[in-house]
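Two complexes are shown next, each including chain A; its partner changes from chain B in the first to chain C in the second.
Let's turn to the complex of A and B:
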């Protein structure tokens, strides 16, 4: 079960946050900003206090009710995924979020990477993806990629520099289906 | 593999430190006594002369962090994360551990506000139960029930060396060395 997704820019500001289920307590928008800033700072410090040299920052935070997985891009943007401790295929989800982020935010000429993300397309695709993993198969929702495979494949063919994503596609679709039903 | 362990009291004071498999660079920088059993926080000052072997990847290089400063940072991290988790989650003290690419930090807090922190390699399963055992079987037995050790804590003026009464230090050492993941 995916609880929330946060995106933190390289300066520690929260640029996107969305809750997908009731697992976590609701916070005010100010508290979310504080939370993002705290995590950003802690992420920096955790690489400094490593007992073994050359450590990265915090990658996974484990608590009794949820886990926070952090994926940092080379440009310093952090994707936080709050999920159930039993949630499988975390890496794939994070990769998928990054893919959606690249497609609908980075490629948007009106979007400044340091500014809050206000993009309906981004919202919609993220929600679709999360639903497919959360298995919330209501009467109208379809697992991500099942209906839109053709479109995704077409868009991938137009970007030959990301060939690694293509082989993983059937995989995602099948796991989405497996979880969905 | 278990790297090191900290205990903090309620007042952000690092009252105990012990290392086992610290990276060799850090060890020479911090532990001027050589013997891990004899290492204690007061050895942290002697880092300056022996840092020549550090590589570019050593996070401490350039910062020249003493053990005392490092303890404060560790406390800051666990304190922030604990509050973050408390705010986000619905339960009290749910923070168990965090993992980076090179280590995993395990956390256990007692009801009295004592914080036990242990660092291991990232593949180790949860050590919270082990920390709990260190508290109930070693700390309570050898420190809480030891009037001399207690006096040094409640006095307000905490002395980490006297607090780590030899019995406690040996007990922790023996316990941690007996863990299956100690050397693997």
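Let's turn to the complex of A and C:
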């Protein structure tokens, strides 16, 4: 499950934030900015204090209920993805966000670089992408949740779910194609 | 070995400085390298070879984005911006027409309006945007108006027009191309672009072609 997506510019300012899940605790717009600035700072510090030279900086923060994944582009823009700890194919999602970002904001003449993102097509395509991933996870995560507290019966139940993974795989491919060119 | 290598390097310097059509007196190894250089030089390439000579959509998108930003700084208002975009398109169209007529070996000069519009709808669109336009219609209200529509115009594929300039249609560039081609074929007309969204195609753009009086009069005589 993808909860939120934030985009931080190279100066540490929040240029985009969007929540994709119901029932998340609400943050004020100021808190979002503080979160972005803090993460930016921590990211810089982690890459500095690394014992091995040339470290990349923080890539993932983990808690019981969610993970924050970070992907930094060569130009210093950071994409933050708040997702379920069980969320698969994080790398692919982050790449996809980067792709949508470079298509619909970088090539948009009305979008100034490093400024808050206001591109209608960016919103639309990002939402479409998140929906395709969230829809997929909703189907597959059922056996995981049941399996945690319901012993043998549930693990038997999860058995028939294994082949059900197979037909849902082309779903990723087809949704990916639709989003591309 | 060393003499042929120096000949090659001299040759490449020469061909870079002023790509001369023929340089005699060099070894065959050097001349084959010269031929290779030719193959990659856009000015030396044969005009009729289109395979592999397409420009990437992304490269175009970046260029068009820069063109828009440049133009936007030098105009007053949206009308002016559209006019300027139309002019830029005109310069592309007038050259594209030359190329298209040269490439199309069986081409004849169109004398009738419908034939002309069909040429734009199919051949021009296919060469420019890699697909045919989605519809060609005649206005029901005005005798002198025709419409060519593109459901997903390539020029505005990555562009989101902000709310405060929502009347702007970047298809004005395409309109300029069409206007140049109509003009170049002796069908003077006024061409504008309008956003006409339909279900599933929010970016659908209609190119409205308003023919001049003289074209209609001629059409009447040819009937």
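By our rule, the second predicted complex is superposed on the first by the 133 of 181 C-alpha atoms of A that agree within 3 Å, B and C clash if a C-alpha of one lies under 4 Å from a C-alpha of the other, contacts with A are read in each partner's own complex, and residues count from 1 in each chain.
One rule holds in what follows: a residue touches a chain if its C-beta (ideal position, glycine included) is under 8 Å from a C-beta of that chain, and two chains touch if they have at least 3 such contacts.
None of these values were measured; they are calculated from a predicted model.
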Partner chain in contact with A:82 - chain B first, chain C second, else both or neither: first
Chain B versus chain C as contact partner of A:103, first or second or both or neither: second
Touching partner for A:25 - first (chain B), second (chain C), both, neither: first
Contacts of A:118 with chain B and chain C, given as first, second, both or neither: second
First (chain B), second (chain C), both or neither touched by A:64: first
Touched chain A residues, chain B compared with chain C: B
Chain B versus chain C as contact partner of A:54, first or second or both or neither: first
Touched partner set for A:73, first chain B, second chain C, both or neither: neither
Touching residues (chain side chain B, partner chain A) in the complex: 3-4, 19, 21-23, 25-26, 54-55, 57-60, 63, 65, 70, 73-74, 76-77, 80-81, 83-85, 87-91, 94-103, 105, 119, 121, 126
Residue ranges of chain A in contact with chain C within the complex: 103-104, 107-111, 118-122, 181
Residue numbers on chain A that touch chain B, as the complex places them: 24-25, 27, 31, 35, 38-39, 41-42, 45-66, 82
Complex contact set, residues of chain C against chain A: 57-58, 61-62, 64-66, 68-69, 72, 158-162, 165
